[in-house]
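Here come two complexes built around chain A, the first alongside chain B, the second alongside chain C.
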Partner chain A sequence: MIELTEVSKAFNQGQPNECRALRHVSLTLERGGITVFKGPSGSGKTTLLTLVGCLARPTAGRITLDGRLLSNLPERFLTEVRRHTFGFVFQQFNLIRGLTVLDNVMLPAYPLGQPHWELVNAARILLDRFGLTAKATSRVEWLSGGEAQRTALARALINDPAVLIADEPTANLDSALSREVLALLGELATQGRTVFISSHDPLVFEAAHVNRIVELHDGQIAGDCRC
Partner chain B sequence: MRAFLERQKCLIDYTLAALLRRKTRNLGLLLVYTLLVFLFASVLLLSQGLRREAALLLQDAPEVIVQRLVAGRHDLLPATWLDVLRRIRGVGAVQGRLWGYYYDPAVKANYTLMVAPERGLADDEMVIGATLARTRQLGIGDYLGLHAANGQPLPLKVSGVLDSASELLSADLMLVSEGGFRTLFNLPPAAYTDAVLTVRNPREARTVAEKIALALPDSRPILRAEILRTYDTVFTWREGMVFVCLSALLLAFAILAWDKAAGLSAEEKREIGILKAIGWETGDILRMKLWEGTLLSLTAFLAGYTLAYWQVFHGGARLFAPVLKGWAVLYPDFRLTPAVDLQQVLVLLAVTVLPYIVATLIPIWRAATADPDAVMRG
Partner chain C sequence: MLITPAIVALQGIALSVAGTVLLASGFAGRILRRWDIHSGSELQLRMERQTYLISTLIGFALGAELLSLLLFVHTAESLSSQFVGAMCATGVLNVNAFGFPTLLLKIAVFFLAALWLLLNRVDNRGYDYPLVRVKYGLLMVIAPLAVAEGVVQTSYFLGLTPEVITSCCGSLFSSESKGVAAELAGLPPWPTLVLFYAAVLLIAAAGVAFLRWLGLGPLFATLSLLGFAVAIAAIIAFLSLYVYENPNHHCPFCLLKVGYDYVGYALYLPLFAAAAMGLSAGVIAPFRRIASLQAVIPGEVRRLTALALVGFGLFYALATWLVLRSNLILLG
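Right after this comes the complex of A and B.
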């Protein structure tokens, strides 16, 4: 369970261009299911996901993961939590160009020191699951949008994280591909993973597996609906 | 331990893939880097080889040479001095030497003439150095016409050519008989150029030299160690001169490396951000870049050093020989004994590899300490 208490996040603090992305957000996120964070651009949904996913620390407030306080952990420990608990799917896919699909999928596990063959096996199982076996040795720049997003999903799962965080996962996809990705996310949720999605795509809110929609506006929670 | 090795293996895999993705840029850098190491290593190996060669040849040289000084300049030594020297306690064998220089206008070079009584040469015979033989195209039985000090022609027959193994010191050497030498230079019979002597206890050489200076106040005793030191100084000075010239190249490379490192492309910065976001620590990224710098610089170092080694010891050291050997006209043609000095390798490694790695790590560290959430936000 992830609990946010009075969490605020400001960028460029103390400077003329200071921006307060989140203001006094308190929220409890249970394990399992799909939670969608919706809201217009600049509402703070991505910032909230970066804080939940240990990519950044809050300016004020507390974040706990299963009772363990995360918000004051040094970077090294925060990375440790991030790499074992969270998998990320980014809006722009953020795959590393020049590398193959297989290499991209294995990348998050490189610093863990697993035997290479084990890593390759795990990556191939994921590629098979997402229908990318034939593309394993292709460079990622040659992939279609849907293939790139599925590669990003496989990469996010290589360390077998309990929580999957997807930031605008359908933003660069057409409707058919968006439904395909949402179906995959739903499948993961069904298998027991927790999925957090930030989006302002109606296709996402209407997806069958969504359990909860948290609405944000100007860095504050404007609505919380359990489906 | 196994996990550590597996992690390093993965980092190296990624590093190699990253290097191959920027083939043209990295290949260009590798070539410039290799050239730099090649030039510096060539100078170091050649001057070190020359020093070693000189030391090997001089190990059989007399322990003390005695010269006579008149008005601070080297003058002929009277034969009576030889007896005085023999009477000094600690002195072993004493021998008067005759040597001098002869200018040959045909090749615009000086020959070094020495009397070699042990060779039993006739007064019209000589043994010459290999370079001199090549330059004047002389073989055994050929005659070389010299002009004596009294203006008379003095033809000398080549009765032998010196072994090329000693060519460093005998390039321009001409060995003649005592009679021939005295005729050529019109020298009085009881005078020598200098005297050489052995010392019964080599550790006493300096004390013996002091005794000689006391017994013969206008003498100048020269120890073998001093000659070696002089050679060493000469080669070190020449080496230093070449390094000063090469320092401009080193500076150019430093600028190139700094520019390459400091000017991280947007693509590289983006990659670092992605790696951090998907679970790499700042330390992992630094380790990966450390491998990149190490692989690149070590490859350049090994390639440059190997090329330099081949060039100096098997390719005749053509690149820096004219500067470092220093002969005006008669360049000795000899092959140095291949040898690698570990300390020298380490110094070269330290001045070429370490600065590059450090120069590349600083900007990477700056980029790697950026917040991983930048990838999500931008």
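Right after this comes the complex of A and C.
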């Protein structure tokens, strides 16, 4: 369970262009299912997910994971939590150009130091699961949008995280591909993973597998609906 | 004032260390007053982020401070040819009233800096900043000493004028003189020798017991410092006599000369390192009950204790060898 207490996040704090992306957000996120964070651009969805996923630290407030305080952990401990608990799918996919699909998928697991053959096997299983076996040795810049998104999903799962965080996963996809990605995310949720999605795409928050929709507006929670 | 690369380096280190710890002591004061790990306030989170940067900067500054003690002694020794009457570092430190106070301050800061660096190392391995108040509290103790060292050392170097006729070690470390040095030089060899070896037996016994029972930390820390003091006294009282093969030459600095194969460095380096690690191990051990350090401290303390014992062992082995190989018959 992830709990946010009075969490605020400011960028350029103390500068004339200070931006308060989140203001006193308190929220409890249970394990399992799909939770969608919806809201217009600038509402704080992505910021909230980066805080939950330990990619950034709050300016004020506390975040706990299963009762353990996350938001004040020194970086070396935070890295461990991030690596083992969270998988990330970014809006722009953030695949490393020049590397193959297989290499991109294996990349987040390198710091863990498991044997290379084991890593290759795990990556190939994921590629097979997402229908990318034939593309394993292709460079990622040659992939279509749907293939790139599925590669990003496979990469997010290489460390077998309990929580998958997807930031606007359908933003660069057409409706058919969006439904395909949502079906994959739904499948992951039914297998017991927790999935957090930020989106302002109606296709996402109307999807069948969504359990909860949290609405954000101007950095504050504007609605919380359990489906 | 003499200007040599070493003096410029020493001044650079002393002033930057003093400046760094002085600036950091403002932050340390805020930590001591306002730190609350359970709070999610902006101030608390800002302090949590700032402590990374400030601890890193202090770590570099105090690391340089450790090296500066060695450089200071080496510089004092190397300048001995520049002053009339100076035969070794003693004469150079005696050129004005600030030489020996600088050395003593540097030794005090050396031990506190070593302790701070090891506390910081342990603190960084706990997930909830377990020793943050302790290490910044210690910084508040180091800050005035580091500033005093900067001021006294600057006064010392500013007063280093080649026309000064100084006095050599023979007059300072002589049983006929007055002062602490003369008192140490006048210690009777036999009782000092017995005390010298009794100290190492005590340290070894306490160290071995401390490896098993970590509750003996304060005892081992105290014995490490006492052992250091006894070793310095023994060097002045009798060990130096064996090295120089001269029953009246008690100087602890001439040991650093090429004529004696720089044997002083081989004696002092393990001695200072051992005392610093023994002190730190004993001070750190009581924090082993903190939940986030329970898995860290036993290993760290045992490693430091073992290293301290090795350091004392090296010092005593070399000292014993120097006595045995000497042609001087002091104790019949």
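Please note the rule applied: the second predicted complex is superposed on the first by the 227 of 227 C-alpha atoms of A that agree within 3 Å, B and C clash if a C-alpha of one lies under 4 Å from a C-alpha of the other, contacts with A are read in each partner's own complex, and residues count from 1 in each chain.
Assume a residue touches a chain if its C-beta (ideal position, glycine included) is under 8 Å from a C-beta of that chain, and two chains touch if they have at least 3 such contacts.
The structure presented is a predicted model; accordingly, all values stated were derived computationally and were not measured.
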Simultaneous placement of chain C and chain B on chain A, clash or fit: fit
First (chain B), second (chain C), both or neither touched by A:Phe196: neither
Contacts of A:Glu75 with chain B and chain C, given as first, second, both or neither: both
Dominant toucher of chain A (residue count), chain B or chain C: B
Touching partner for A:Phe37 - first (chain B), second (chain C), both, neither: neither
Touched partner set for A:Thr5, first chain B, second chain C, both or neither: second
Lowest C-alpha to C-alpha distance for chain C against chain B (Å): 12
Footprint overlap on chain A, where chain B in one structure and chain C in the other make contact: 75-76
Residues of chain A touching chain B in the complex: 46-47, 49-50, 55-56, 75-76, 79, 82-83, 88, 90-91, 94, 96-99, 103, 106-116, 119, 155-156, 159, 167
Touching residues (chain side chain C, partner chain A) in the complex: 37, 40-42, 44-45, 48-49, 52, 124, 127-129
Interfacial residue positions of chain B with respect to chain A in the complex: 2-7, 9-11, 13-14, 17-18, 20-21, 267, 270-271, 274-284, 371-373, 375-377
Contact footprint of chain C on chain A as seen in their complex: 5-8, 57-62, 69, 71-77
